[in-house]
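Structure first, commentary second.
Order as written gives the chain letters A, B, C, D and E; numbering starts at 1 within each chain.
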Amino acid sequence: MLLGKVVGTLVSTRKDPKLEGLKFLVLQRLNIEGQPIEGYVVAVDAVGAGVEEVVMYATGSSARQTILTDQRPCDAVIMGIVDTWEVNGRVVYQKG
Amino acid sequence: MLLGKVVGTLVSTRKDPKLEGLKFLVLQRLNIEGQPIEGYVVAVDAVGAGVEEVVMYATGSSARQTILTDQRPCDAVIMGIVDTWEVNGRVVYQKG
Amino acid sequence: MLLGKVVGTLVSTRKDPKLEGLKFLVLQRLNIEGQPIEGYVVAVDAVGAGVEEVVMYATGSSARQTILTDQRPCDAVIMGIVDTWEVNGRVVYQKG
Amino acid sequence: MLLGKVVGTLVSTRKDPKLEGLKFLVLQRLNIEGQPIEGYVVAVDAVGAGVEEVVMYATGSSARQTILTDQRPCDAVIMGIVDTWEVNGRVVYQKG
Amino acid sequence: MLLGKVVGTLVSTRKDPKLEGLKFLVLQRLNIEGQPIEGYVVAVDAVGAGVEEVVMYATGSSARQTILTDQRPCDAVIMGIVDTWEVNGRVVYQKG
């Protein structure tokens, strides 16, 4: 999994019928220190994440293993909201 | 999913039989700000997208989860036409 | 899918039994303008492509969706010979 | 598989129900010489790895093939703790 | 598939039970000209490859399609030892 920050939302009216009802969020990628880096992904939200939250996302076929995304043409899913992570014994990020 | 702009079409007469009837579009990749960046993909169109439209596409096995692409040797599919997306509260793109 | 030019062939006698009878071609990657770029892939030929031809290839699990490659340890397949593609209304490539 | 060093842990309370009970570790990627390089991954621990240990991890659908991760939305798993590896006849890494 | 040279071995005693009995080899990636390039992979050996040999490897779910790797948490497999490959009519590599 990789880490991202929810920075926005995306609306698509004309889409594959299997995608009806899913919420698409725009994630800015974060590095191991929690800093934004080049790269983004549009992910389906499976956990009720909000803008500004830091999340874990899974890609590829693993993105279809939540109940919400099962058998849907979705290749990225937010599967956890991050509370905290540590690197080398130091707290890099803690949810406010 | 990633975002792309439909910039062209591709024709292939001699192809795997499972690909008969599919429409191939050439997508220029877009960054989070909606600007074109290095990189492209040839994707199957599952939503009736047209040239100049901004779309979401899925890759890998997820690209075979639309009814149109089920069990076909296709690793990229356009699964939504984008109406709008926002980043940090600002509208980055809005369909004309 | 991405685009490549068939630039060579590869022979492997000692290989997984499931790969018997498959033809391996070496593809040089092409950019959206049809120019060769860094990167290559060895792909199974599912369409009878020849050296110098421009082709579309699929990777990952989608590479196993042709009849030829079903359930084989193959992660790249040529699934179409390209006749022509256009970008921004201009013909970038046309088969000779 | 790629090689990484366990440098930290990650806690996520609000997550997809299928992820309950899994332990998430933060891995710093290593190059072939065992030196840290740009890039990280958050992986599920299937082998009881500890901080500072050097591990092998698998990504994509293969990350769901351990008993622990079967059918879960997980795209990276630690599937082995490395004892030693050699390159060109030289021991690059040996567990302390 | 991509090409690599077997440059070493890796030993992991504590690993997922499904990996028992598999041999892990360290591959240095090769470019289309057969020169070593940045990047490596640890792959399961399905064909009895030896150090110094040039091999083809498959990644992702395709790496689980050999009899040896079926349903195992393995995302890279050596599925062929290369005898020879040609680029633009020139023999780039020939097994010694």
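Quick note on the criterion: a contact is a pair of C-beta atoms (placed from the backbone, for glycine too) under 8 Å apart; a residue touches a chain by one contact, two chains touch by 3 or more.
Values in this document were obtained by computation on a predicted structure and should not be read as measured data.
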Touching subunit A and also subunit E, the following chains: D
Fitted rotation between subunit C and its twin subunit E in degrees, CA, nearest 5: 70
Distance from the mean Cα position of subunit E to that of subunit B, given in whole angstrom: 32
Centroid spacing, where centroids are CA-atom means, of subunit A and subunit D in whole angstrom: 20
Residues within subunit C bordering two or more other chains: 60-61, 63-64
Ordered ring members, subunit D first, subunit E second: D, E, C, B, A
Complex interface listing, subunit A residues touching subunit D: 1-3, 31-32, 46-48, 56, 58-67, 69, 77, 79-89, 92
Subunit E residues within the subunit D interface of the complex: 7-19, 24, 26, 28, 40-43, 60-61, 63-64, 71-76
